[in-house]
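First, the structure itself, so that you have it in front of you.
In order of appearance the chains are A, B, C and D, and numbering begins at 1 in each one.
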Amino acid sequence: MPASPPTQTATLLVCCPDRRGIVAALAQVLHGHGANILEADQHTDREAGIFFQRIHFDAREMLTDRATLERAIAEVAGRLDMQWRLEFGDRLKRVAIFVSKYDHCLWDLLLRHRAGELRCEIPLIVSNHETLRDVAEQFGIPYHVFPISKETKPAQEEAEIALLREHDVDLVVLARYMQVLSADFLQRFARPVINIHHSFLPAFSGARPYHQAVERGVKLIGATAHYATSDLDEGPIIEQDVARASHRHSVSDLVQRGRDVERNTLSRAVRWHLEDRVLVHGNKTVVFE
Amino acid sequence: MPASPPTQTATLLVCCPDRRGIVAALAQVLHGHGANILEADQHTDREAGIFFQRIHFDAREMLTDRATLERAIAEVAGRLDMQWRLEFGDRLKRVAIFVSKYDHCLWDLLLRHRAGELRCEIPLIVSNHETLRDVAEQFGIPYHVFPISKETKPAQEEAEIALLREHDVDLVVLARYMQVLSADFLQRFARPVINIHHSFLPAFSGARPYHQAVERGVKLIGATAHYATSDLDEGPIIEQDVARASHRHSVSDLVQRGRDVERNTLSRAVRWHLEDRVLVHGNKTVVFE
Amino acid sequence: MPASPPTQTATLLVCCPDRRGIVAALAQVLHGHGANILEADQHTDREAGIFFQRIHFDAREMLTDRATLERAIAEVAGRLDMQWRLEFGDRLKRVAIFVSKYDHCLWDLLLRHRAGELRCEIPLIVSNHETLRDVAEQFGIPYHVFPISKETKPAQEEAEIALLREHDVDLVVLARYMQVLSADFLQRFARPVINIHHSFLPAFSGARPYHQAVERGVKLIGATAHYATSDLDEGPIIEQDVARASHRHSVSDLVQRGRDVERNTLSRAVRWHLEDRVLVHGNKTVVFE
Amino acid sequence: MPASPPTQTATLLVCCPDRRGIVAALAQVLHGHGANILEADQHTDREAGIFFQRIHFDAREMLTDRATLERAIAEVAGRLDMQWRLEFGDRLKRVAIFVSKYDHCLWDLLLRHRAGELRCEIPLIVSNHETLRDVAEQFGIPYHVFPISKETKPAQEEAEIALLREHDVDLVVLARYMQVLSADFLQRFARPVINIHHSFLPAFSGARPYHQAVERGVKLIGATAHYATSDLDEGPIIEQDVARASHRHSVSDLVQRGRDVERNTLSRAVRWHLEDRVLVHGNKTVVFE
């Protein structure tokens, strides 16, 4: 019995007030349409009284078409006051990677993508510098440069958003992009943006976290992948990881050690997002690993 | 919305040939009897074509009694050629801990039990030595000594089994018990036995694993918690963990470092078993953490 | 060639402005007195231009007595503008453990002490509650209760200091002691105090760190062992560690998971201090693991 | 006080029967020649009675030339029956990377080299397949293909050794090279060869370790970097690391997860070797991290 080809699977993500019978209701609907559930994971936030579920199913032998299934889910969702999203595996998400001068996260994402670890399309790379054009070219990905100054920022972000829309980008990944996206950008792009911050948030938010880490003499350094919001470094955290540090490490040693933590943390967060494993509620995430 | 008191929850564990509709069928049955699903986790072994599921539900508002629910599940199970087990939270498993002279795993289990991390009763501790009687007494647990020699072993095991039956013991935990239980013991006790082996199996099976580790010059040492079978160190693995080692560590250093790994690995395995998170299939485990 | 019995070894800790020849000078002095160097570790803080070294040596075959060796070291130290400390292994440090109601760190320290992992004497345990008296008694250690209220605090700390002096205590370990020691206490006790804070400092300093962690939705929780100073949670960090957290963990789940991280982090920090592996400089530590 | 430029530092590695005064003798010699010790680490294998030391020093202000220093060290070494090696930082080691079809370790080594994490020259890449030529070309490194069949192996290895000699290669790194180097190759090349094995040795030596891991149902997978010897998978271990595995992981999942462990383990081992931190004694390593 072979694994279902990802192109013929689908994922249903739901979130609603908790009550009895939700699991059975959704299982029935899917079964009734011939969907074969491959994975199902759920969580109830007891304090908030919210129910979350991710159902990953095989759509090869569905008895009805997608529209019919969606109508059926919508009907149940209406009764249960449910927010839901249905993603079909044959439609790859389109990702734009934003970079500046550091290349380690970019290399990691592009190599994992080529190795098949990240199911998505990467139609373009955006940067505020020319520096990494050759990396993009090695992977045959268009590289767009938008130099940013205090004066040009609004116009450049305008142009970036136009470009993202033109390429129908679903997700922006800030791979050590050294510019803060304006609240206006985030609001108008209106799709998820994942950022990697090079510290174990909420410790050492803001600038130069490795300098802060040496200053404080911590024994671990970390990285945090989170959805970008208008509150800098305050968005919902998707993943965090750490590495040992000691008195022997200068700032530049930590920068080097940090590279591994940053890229691994970011790529895990991006993969989970691409596999529809992340639900955001308020300022927190539910990650169905 | 408070957490459901564990005494009023139940867990259904199932295993059957994979086919469509299993998830829906079980969800329906439980819902139909007023059970509210709190957690559900599933796994399909594609190669073997076997479906596994753990459903943890709130039984407070069940519309029928247990016998009725069990009949209903049995009926579905019959149709699906399903092996199943239904465990109610108000019935605590009864655990017997076997020890010899090392006390670190015993202390860890007893302190975690007292702290509420291990939901079970511990009616007795069995040993082949007097050494740890005072530990048992500090927790008010009867301590039974069965000295073992080549000659006395059969008779002593006979007596141990009688004692375990008398106390209706569900699980035996070998907490660094330095005697091999005979195949006859395991067959006649016929209930699970969890052992902790002080190496990362299959490396360094058999005697003196820390000596073997120093001999080979490995850079990590480990521990393995597994169900005991008649094939020594070959039973289904429940959990494993490791710690760093280096050229600086003598055998006695590793013995000391190993204690932390052994006790943490064993206590996790025991907790997962007590929470009905472990399914055994062939020589492997499915652990729904 | 057997390990040197710890009672016949000694440790020299030095700190001075960096310059050439320090290593050779100290090695010569020790060799000249018949001390056999077993371990030597050093560090230079290039920014501050400070040299640190720990030399652990076998004193069994010393050609001179301690006073002579100390005079010789003092002479070199004078030339090199060096701060130094010489600790002989036959003099065990005397430790007082402060606790309140949580027992996990206390158990861990006492069991590791009994197992020989912590080379020290523990002449007394101090608490602001009766709660843990039975634990102390199981180890035959006097348990002194000083209830603290806003009004009684100064007088009680006075009494505690008198008691610590009477027992010639070298180190106070705050094993989840839920009272803040006053700046006056720290200044007058004038010996090291190690505290365990149940978060990955500087994140979540202050009260209820696990509540803060759930609030922020972090994916790792941590613990920090540090020397207590008059700036709460700001003292020099000795050791930190973390454990995974997820959306599934309530505050009480984190409290439970946190116990393992707290006790392991604290016991490592205490062991390193007892083995004279920690040097404090400014608000940071040099830890020669 | 800036860090010493690595090109003006040197490292002395020694190994000799343990006795008193070794540390002082070496420190004196180096000091006498104006060498400033930056790091010194030592280890005594008590069972074997062998002393190991690594001394890293600043050679900028040496009062004599290298030859004079070497003569002085040789003189002391003679008295102490010492094996020694003196490596100057201005002479970069020359590394040949051997690959087959897997590219993850190759990318990792080449990117870390470009990022300055691996101080060496990489004059050539050798393979038994054309597959990875484009990777080599992206870094401007000559790529030599030697197809291997049972018949051609001796002649091809002959040619490989000639090529390695021609390029004065100091170290061969087998980055998932899927051919076993013959005992004859190792003996005639007579310089270190580092291999990465994709399991936690001694578990799962030989072929298809991930298949063996799934078969046995282990809960951790690992990787082992070791010096290649004529006994396959039996050489001195330099570094090992692990990652979690579970019932959910198929062989192909483990292959993917394993890639991260393999490349991180191999690159650490190679870095330590390049920084002269590894001493081999018998079948074990002393690694001065």
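Everything below uses one rule, namely that a residue touches a chain if its C-beta (ideal position, glycine included) is under 8 Å from a C-beta of that chain, and two chains touch if they have at least 3 such contacts.
It should be emphasised that the depicted structure is a prediction, and the values quoted were computed from it without experimental measurement.
In terms of the distance between Cα centroids, chain B is separated most widely from D. At the interface between chain A and chain D, two copies of one sequence, more than half of the residue numbers in use appear on both sides, so the contact is built from largely the same positions.
Averaging C-alpha coordinates per chain places the centre of chain C 37 Å away from that of chain D. In chain D, the residues that reach two or more other chains under the touch definition are 3, 46-47, 250. Contact residues of chain B toward chain C in the complex are 3, 104, 107, 111, 115, 117, 138, 250, 256, 259-260, 264.
Chain B meets chain D in the complex at residues 43, 45-47, 200-204, 216-220, 222, 236-242, 246-248, 250, 283-287, 289. Contact residues of chain D toward chain C in the complex are 1-3, 18, 20-21, 23-24, 27-28, 30-31, 34, 36-42, 44, 46-47, 49, 61.
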